[in-house]
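Let me give you the structure first, and then I'll get to my questions.
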Amino acid sequence: MKQWKIFTKGFIKDNPVFILLLGLCPALGVTTSAFNGLGMGLATTFVLLGSNTVVSIIKNVIPNKVRIPSFIVIIASFVTIVQLTMEAFLPDLFESLGLFIPLIVVNCLVMGRAEAFASKNNIGSSIVDALGMGLGFTLALTMLGGLREILGAYSIFGIQLIPGVTDGMLVFVLAPGAFIGMGYLIILFNYLKKKTA
Amino acid sequence: MNEITLISVISLGSLGTIAAIILYMVAQKFKVIEDPRIDIVADKLPGANCGGCGLAGCRALAEEIVKKESLEGMSCPPGGNEVMGEIAKVLGLEAKEQDPTIAVVRCSGSRENAPPKVKYEGDMTCAFAHNLFAGEGGCPKGCLSYGDCVASCDFDAMYMDHKTGLPVIKDNCVSCGACVKACPRSIIEIRKRGKKDRRIFVSCINVEKGGVARKNCQVACIGCGKCVKECKFDAITLENNLAYIDFNKCTLCRKCPPVCPTNAIHELNFPPRRQRPETKAEPAEA
Amino acid sequence: MKTFKLGGVHPPENKLSQSAAIEVLPLPETVTIPLSQHLGVPANPVVKKGDSVKAGQLIAKGEAFISANIHSSVSGTVQKIDDVVDTSGYRKKAIVIKVEGDIWEDGIDLSKDLVKDISLSPQEIVSRVNEKGIVGMGGATFPSHVKLMVPQGKTADVLIINGVECEPYLTSDHRLMLEKAEEMLVGIQIQMKALNVDRAIIGVENNKPDAIDHLMKLIPEYPGISVEPLKVKYPQGGEKQLIKALVNREVPSGKLPIEVGCVVHNVGTSFAVYEAVQKNKPLVERVVTVTGKGVKEPSNFVARIGTPIANLIEAAGGIPENTGKVINGGPMMGKALSDINAPVTKGTSGILLFPQAETSRKPVHNCIRCGRCASICPMGLEPYLLAVLASHKRFDDCETEKVMDCIECGSCLYICPSGRPLLDQIRVGKNETGKMIRLRNR
Amino acid sequence: MNLLTVSGSPHVYTEESVSKIMYGVLFSLIPAALVSFYFFGLAAIMVTLTAIVSCMFFEFIIQKYLIKGPVTIFDGSAVITGALLAFIVPASLPLWMVVIGSLVSIGMAKMTFGGLGKNIFNPALVGRVFLMISFPVEMNMYPKPTSFSTQLTDIITGPTPLAVVKEGVAQGEKVSDLLPEVPEYVSLLMGNMGGSVGEISALAILLGGIYMLIRKIITWEIPASYLGSVMILAGILWMIDPEVYVDPLFHLITGGLMLGAIYMATDMVTSPMSRWGMIVYGIGCGFLTIVIRIFGAYPEGVAFAILIMNAFVPLINRGFKPKRFGEEVKNG
Amino acid sequence: MAKKESTFINMVLTLFLVTAAASFTLATVYNLTAEPIAQAREAKRQFAISQVVPEFDRLESKNFLPPDGGDSLEFNFAYMNNELVGIAVNTWTNRGYSGRITAMVGFYPDGRIFDVVHLQHKETPGLGDKIDKSKSDWSDQFKGIDPETTTLKVRKDNGDIDAITAATITARAYCDAIQRAYDTFADHVLSQTKQEGEPEL
C-alpha cells in the first residue's frame, strides 16, 4: 500500500513537471511532438531508475560532504550510458533529442530524487519512487508534446488528424508555445490535485 | 583492460581524488557551527508561520527553544501539546501540558438582535468601518460583520454566517490569534477549550450603560450583576457595566446562563437542558 | 489666474445657497456641547450637573497645549454630562444644557458696531484667542492660538486667509465674506499684529465674484491686505495647496506651513478672532450652510454650538422625503451622519442632504490602471498603489510611498471611473502606518 | 423614512465610468473603420464583426462557466479588444483565424491574468502576435486597397509599403528608386495602401486620437513621445544616408504606427501611470519600433515594440513616480 | 548502519572509488558502442549521399576549399563500375534565418544537379523547415537544373527559384549553399573535366 502511494504520487499529486516544477528545461525544449516527449521521458526514467538504485545502495558508504559530487558522477555516468546506447542503436531518436540528453545530468528532477528520496530510503522504495516519478515525468512530457503536436501540426505521434493539412498553429511548435502549453497544463494539474486531494 | 579504459579510470579517478581533497580543505576552513537541533525542532513544527507563538515564525520559535533549552512559556497553538511533546522528547526536556485553547466570538449582535439603523457603503472592511462610525447596528463595540477576521484566518477555521452577519469559529481553530489581531474591536478572545469542548462566556463586550446598550442590541450585557451573584466560584467579575467570566475559575456549572436577563451568556457544546426555565426579560435600568 | 499646479479636480459646484443671506437660527430647547470639538486633547468640564450657566461662560477648559476652551452657547441649566452620539457616530463626552432665556456673560459686547482700533498687544491677542476657545473653522478645528504662536527660530512673513471654499455646495464662508467683510478684515489685522507680519493675502476662488469685488472695495482701508482671485479647483482650500497657489511655496513633506514662513487661517476664524479680541465674545456660534438638491430653502444660518442638526434642517424646510444621506461638512471631505440629532460643533461648516438617488457609490469594478487618481492627487501620491498596499497590510511600503502626506481630500475616490474605495483603504493605511510610526518613535 | 447611508468621504463621484471610457474609445474608432470599409469592402466589415462578436462570446463563456463570476461583457472592454484586434489583422484573414485570435486575446491575454485591469500585455496585440507567429503566411498577405467591394474571395494581395522598402533595401536598392513603387504620401495618409484593416489611414486615426484627447480618455504623453521618438530616430538615420534609410514621414504614416501610438500604447491597463513614466514608455516604444523596422526581421515592429514595453511597465511605474508635493528637488 | 564520518581518508577514498567505478563502466560501454555508433554515422552519411547521386558501388572522398573562403567542402565521388556517376558535395551556408544550414548537393559529372537534401538546420519549424524533403517538395525544383544556365536565386532577387512562402531568407540561404557547392565543384572538378575529359583522382 505504501509502495503504491509512492508510485502513484508522481502522476498528479507530486507531478515532477507540473506540480514540483522540476526538469523544466527538457520539458520545454524537446516537447515539439508527443514522440519526442515520450522518448525524453523514458530516457530520464532510465537514468532516474539507475541513479536512485545506486544511490540508495551506497548511501551509507558515502560521507556527507562528498555526497553531492558522488551523486553527480553516478548520474552523469548513467546519462552517458544512455547517450552512447541511444546513438548506437536509436540514431533517429538521438538526432532529435541529441542536444538534450547530456542535459539530463543537470535535470534537477534526477538530482532532486537522489538527494531527497534515495539517500534516505531503502532500495525497494527508491526504485518504486524512481519509476513513479519517471513515469510522471514521461506522462507530463508526452502530454505537453502531444498538446503541442496536436495544435501545432494537427497530428499525434506522427499520425495526421486532418488528412492533407500539415501546417497547424506554428506558435505551438516554437518556444512560446511550450511556455503557453506548460502554463495551461500547470493550471489543469493544480485543478486536478485540488480535486483529488 | 584496454587503453581507453585505463586512461579514463586514471583521469576521472584522480579528478575525484583532487576534488575530495579540495572539498575536505574547504569544509575545514568554512565550518559553520549551527546547532543541528534547530533544524530538527523546526522540522517538527507545523510550518504554518502563523505567529501564534508570538515569534516571527516557526524557525524563530525553533531557534528560541534551542537557545533557551527549555519550553517554559513556549507554545505552538496550531501544533498543540502533541508537537510540543515531540519537541520535548527530541531535546530531552519536559513539556508542560498546556490547556488547549480556542477563539470565541464575544458578540451576538446579529441583524435580528441589533437591527441596522443606517446603511454602510464603501470599502467592506471592518478596519475602515470602525474608523468611520459605530456600525450599522449602532453598538460601538459590536461586530461590524465585514469579515476582517475571516480574511485573516490561515487555517480555514472561520466563516461568516450570512444570516446573522456574525463570524463563526469552527472546531479546527488552532487559536493562533490572527483574528484577534484583525478585529478592530477586539471582539474575539482566545479562551480555554474546556472539557469536551464545553465553554461558557459572556457574548458581549459593550461597556455602555445598560439602557444605552440595550437600545441598540437586545442581547447586550447590561451589567445587572445577576450572574455575579449566582456564581459560587468568583469566576465572574463586573466592570464598566460588563460581566466577564474568567475561564480559569469557571467550572462550567451552567448556573449563570439561565439567570441572565438578556441571554448574553452563551454555553457551547452542552447537552440540552431538561427543562429550561423561562428567562424573564426584565426591563433594564437606564 | 493663480492656482496650484499639481493635480486637482473640479466637481460640479452646486452652490445652491450662495444668495441666501445669513439668518439667525432660533434657540433650541437643549444644546449638547461635546467636549472634543477641536483637534487635540478634549477639554475638561468645569461645571457639573445642575449648575446654571450663562451664554459665553466657560464650561470646559482645554488644559493641554493643543486643546481649546469650550464655552456655553446658551444660558440655562446643565442637565447632564454624559456620553452622547456626536457627528463622529460614536458616543463622546458632552455637556447637555437646557436652554432658559438668553442671558450673556458680563463683559461681552453684543453690539453690531465695528471696532477698528486694536488695543491689545500681540501676547494679549494670543492669550485672548486661547481663552475664547477659537479653533480653525474650515473644518480641521486646529486650535488657533497655537498657529498664532510662531515657534522659536521660525519667522512668519505672510498671513494667508483662506476664503477659497473649494468644497461644492458650501457657502458659509462666501456669505461671511459678503456680510461680515469689515469685521473679518479687522480680524485679519489682529492676526497680523499677533504674528508680526505686514502682509496678508486673502485667496478667493473666482466663482465668488461678488465677494471678490466687495473685498476689493474695502481693502484700501486696511494696509497690507490684498485679495487674490483664484481659479476654481478642488482642493484649493487645503493649506498646502493654498500656499502653493498664492505665494508659490511648497511646504515640505511632513512639515507645517510655518516652515515656509506662512500661517493660514480661515475667514471664519478671522471673524471669530475679531469677535474674541474686539468684542470679548467666545466662540459660541458659527455660520452653517444647510443645503442639498432636495432642500426646500437652502440657507445659511448662524447657529449656536450644540444645536441639534435636526433643528437646522427643520429651519431650512424640513428633511426631504427621499433623503439618503446627511453630511456634516462638504461633499468632498464631510462626514456622513448616522444620527441627525448630533450637535453642531465648532467645525460644522455645512449640513448637506443628499437624495437617495445620489447617495450610492458607483458599482466597484477592477482597477483599470487608468492612472487618473495619480494624475489628480494634489499631493502627488499614487492612490491606486497606496490602496492596494493598505489592503494587503503592507504598511512599511505605505510609509515609503508617503501615505502620511495624504490630505484625505477625496479627489481620488471622486475621479475613479471604476468606483474603487481608494480613500477608504488609504485611510486605514494612514491610520495603521501612523500607529506604526508612533510606536517606533516611542 | 429610509435608512440613512453612511460612507466615507467624498460623497460625490464623477460621471465617468469604465464603460463610458470604453465606448468613448469605440466611438473614436469610427473614422478609421469607415476608411477601411471603403478600401477593403465587405471583407473588412466581416473581420471586424467576427472579432467583436467572438471576443464578447469568449468573455461570456469564460466569465460564466470557467470563473463563475459576474459577467461583464457589456462594459465595452471586450468590444474594444475585438475591434482593435480586427484593426491589426489583414482584411483577407480567414474568419476562423480571427476567432482564434479573439480566443487568444480574451482567454490567454486577459482572463488568464484575472480579467480587465489585471492583464500585463495588451490583449489585442497578444492576439495579433499569436496569429502572426501561428499563421505567418496568411498574416503576411495584405489585400490591395480598392474602392468598396462586396467581394470576399480572390482579393488581390500585395506587400505593404514598409515591406516594399524593407525588401528593396535588403536587396541593395536605393530608397529613391523604391519610393515610386508605393503610393503618394497624401494617398498614404488617406489610407490608400496595403495593410491591416484599421491601420491604413493615419488621418482617420489621428481624428479619433484628437477626440480621445478632448474627452481626456488618453493623455498626450504617450502618443507624442512615441511618434516623436520615431520621427527623431528615423530622422537621424535618414540624415546619415537617405538612400538606405527612408525618411521619417514615411515611417510615421505607414504601417501600424499611428494606430499603435494612439490606441495600443495608450491602453490604460498596460501603460505607466506617471507622466514621466509615460514619456519614457513612449520613447522606448519608438526606439524599439525603429530598431525592429530597420534592423529586425519583420518590416513592421509596432506590435512587438509595444508588447516589450508593456513588460517594462511595472518597472517604469516603480522608477518614475509622480512628482510629490513638497518633495525636495534633487540636484536642482 | 550509520553514515560514514566525513574524515579526510573517507572522503578521498569514496570519491576516488566512485569516480573510478564510473569511469570504468563508461569506458566499457564506450568500447561496446564505439562500433555501432561509427556504423550508424556512416550509414547516415551513405544514406544522404545515396539520395543525391545515382546508384554507385564505390565512394571516394576529398576536401576542397570553396572559392570564397570558409570551411572546406567534402566531395564524395561516386563510382559505378569505376565510372564516375555523380559527386555528392557536403555544403553549407551561414545565411540561414537562424544560423548555419548544411546540405548535400549531388551533381552529375557534367555539372547538372541530381538532387539536393538538407543535413542539418535550425530554421523555423513550419516555415523554413520546408527545405526538408520530408516536410515539403520545395527542394525538388533543384532536380536536374544546370547552375550554369539557371540563376540560383529566388525570383524576388531576379533568380529562377521559387521562394518558400514567408521564408524567403531560408530559400535564399539554401540557394547560397547550392551555389557554393557548384562554385567549388566548377573550380576544382568541372574545370578539370573540361580540360582532360575525365578527372584523374
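The first chain written gets the first letter, and so on, giving A, B, C, D and E; residue counts start at 1 in each chain.
By our rule, a residue touches a chain if its C-beta (ideal position, glycine included) is under 8 Å from a C-beta of that chain, and two chains touch if they have at least 3 such contacts.
Here the structure is a predicted model, which means the values were calculated and not measured.
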Length of the shortest touching-chain route, subunit B through to subunit D:
1
Chains in contact with subunit A and also with subunit B, listed by label, are D, E
Which pair wins on C-beta contacts, B-E or C-D?
C-D
Chain whose Cα centroid lies nearest the overall Cα centroid
D
Just give me the whole-number Å value for how far the CA centre of subunit A lies from that of subunit E.
32
Nearest whole angstrom, what separates the Cα centre of subunit B from the Cα centre of subunit C?
43
Approximately how many whole Å separate the CA-defined centres of subunit C and subunit E?
87
Mind pulling the residue numbers of subunit E that touch at least two other chains?
6, 11, 14-15, 18-19, 22, 26, 30, 126-127
Two or more other chains are touched by the subunit B residues 12, 16, 19-20, 23-24, 27, 117-118, 121-123, 128, 132-133
Two or more partner chains touched - positions in subunit D:
4-8, 136-137
Which chains touch, pair by pair?
A-B, A-D, A-E, B-C, B-D, B-E, C-D, D-E
Residue positions on subunit B within touch of subunit A in the complex are 12, 16, 19-20, 23-24, 27
Which residues of subunit E touch subunit A once you look at their complex with the stated criterion?
1-7, 10-11, 14-15, 18-19, 22, 25-26, 29-30, 33, 36-37, 40-41, 43-44, 124-127, 135
Show which residues of subunit B lie in contact with subunit D when the two form their complex.
116-123, 128, 132-133, 136
In their shared complex, at which residues does subunit A touch subunit D?
167-172, 174, 176, 180, 183
Contacting residues of subunit D [partner subunit B, same complex]
3-8
